[in-house]
């Protein structure tokens, strides 16, 4: 197992293979161990009543962005699992691509903590903000 | 707009119509204003590395369970929106149906707060626990 | 170090010694490894504008209740530390004793997760609900 | 009631008066409506087992920093109340002053959301990160 951080291309290839059904539909645009940027393309199935994008769409994007951030920081760890995710929905996103920017808050041996801002493509104000903790399996 | 709580059948009919793409795939089995139970059928697309069900599957189910709980408590409010969702993943669920049980913690005029236990079908120990706040639009 | 759960008396004695300045002012009334009940006596210094008890008073009580619950479950672990605490304030507590009831959600080797209801003495409706994760240091 | 943001001096004067018992012991060093910085002086009563500062000390500082931020943004609103506070403890703070930096995430009519980084004086890495939601009473 790699002890070096993965590149965005390597992470995208892994996500496509690990989530063939499309749960890996988010695309990693940047990832350098301290920060990762993921985009999810807009499609109508993301809509919820009110003409805005659904919470689960943003939560899935959040979770993937931190998964990608961890791979870029410590290498491939498919068995890293989310232990806590707390998200605040701040503004209703319009029907458009969503972009998540994850930043490392703590890179511990056992726990990895990051925060995530989600914005609509082209907007400055975030539509959601989350803090996510992953548990990293011990290296053997 | 109804001032009375919806029945499970009414909520299921609404979810099917509002989320035609299947985001409403969770089925409401019980809902009485204080407690709602939702089930999501297992399918392979919910799997993640490690052979367990993905976090986003559980987060979407959580969100739907509280949406249903609110409808059963105060009637149809399609524009109720999640403002905060915090979830702890406690145990890795096996490949099986997931059942969410949501309970009302606070029924305010503006904010509705509930907690949710998620269990694998037939299991006692929860695989996740969440607390969710929805904002209720003002009645006009 | 004890491998057995502490009794409420043992926990109270430890808290008095470990927090001589009074941060251990909460009193453990019950604790059996699955559930712990702590009470904090009302005093005027807990008040905040509006004539209600302050958030920090409730947060400190919450944290102590889970600390006590862990000791009752796995024995004395003074170096157990909170990694995450998420609290929702549901109703404004009147000037009165506060009682916290903590329940074990997960007793893992490395992480201990509990939820906590806080009520005013004599009231049924909770004034706050929290979920707390502690990190348990490895046994050597 | 002021419709303009308070200055740090005005906020400090209010906190001293509103919390005579010292719960307002945090000192506001800066506050401009988008960002507020609060410092709490180290004293031994903040210690917990392990020689580190207690979680409740950091939680109280967090809560005060956002209270100050709101006053700097919208004027004096003593009855603004915390509805949700979620904190991750990232590193054990040494015995030293703690500094909280709060930043506005959302300034809504009814809800104000901010995140807070807490650092030991002179350190770069945060020892805690929190997200806090306050409910703002309606202007009449």
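Should a chain be cited, it is by its letter among A, B, C and D, assigned in written order, with residues numbered from 1 in that chain.
As a working rule, a residue touches a chain if its C-beta (ideal position, glycine included) is under 8 Å from a C-beta of that chain, and two chains touch if they have at least 3 such contacts.
Everything numeric here is computed off the predicted structure, so don't read it as measured data.
Student: Return the chains common to the contact lists of chain C and chain D.
Tutor: A, B
Student: Suppose chain centres are the mean of their C-alpha atoms. Which chain sits farthest from chain A?
Tutor: C
Student: Indicate whether more than half of the residue numbers at the chain A-chain D interface occur in both copies; give same if so and different if not.
Tutor: Answer same: the two copies use largely identical residue numbers here.
Student: Can you check how far apart chain A and chain D are, centre to centre, with Cα atoms defining each centre and the answer in Å?
Tutor: Their C-alpha centroids are separated by 29 Å.
Student: With chain centres defined as C-alpha means, what is the inter-centre distance between chain A and chain B in Å?
Tutor: 22
Student: Mind checking the centre-to-centre distance between chain A and chain C? Centres are C-alpha means, answer in whole Å.
Tutor: Once rounded, the distance between the two centres reads 33 Å.
Student: Mind pulling the chain C residues that touch 2 or more other chains?
Tutor: 83-84, 86, 88, 133
Student: Given which chains touch which, is the overall layout a line, a ring, a star, complete, or other?
Tutor: complete
Student: How about chain A: which of its residues touch chain D in the complex?
Tutor: Going by the criterion above, the answer is residues 86, 88, 90-91, 105-106, 113, 115, 126, 129, 131, 133.
Student: Provide the residue numbers of chain B that touch chain D in the complex, in ascending order.
Tutor: Chain B reaches chain D through residues 83-84, 86, 110-111, 133, 135.
Student: Which of the residues in chain A end up touching chain B in this complex?
Tutor: 18-19, 21-23, 44-45, 48-50, 52, 54-56, 59-60, 63, 78-79, 81-89, 92
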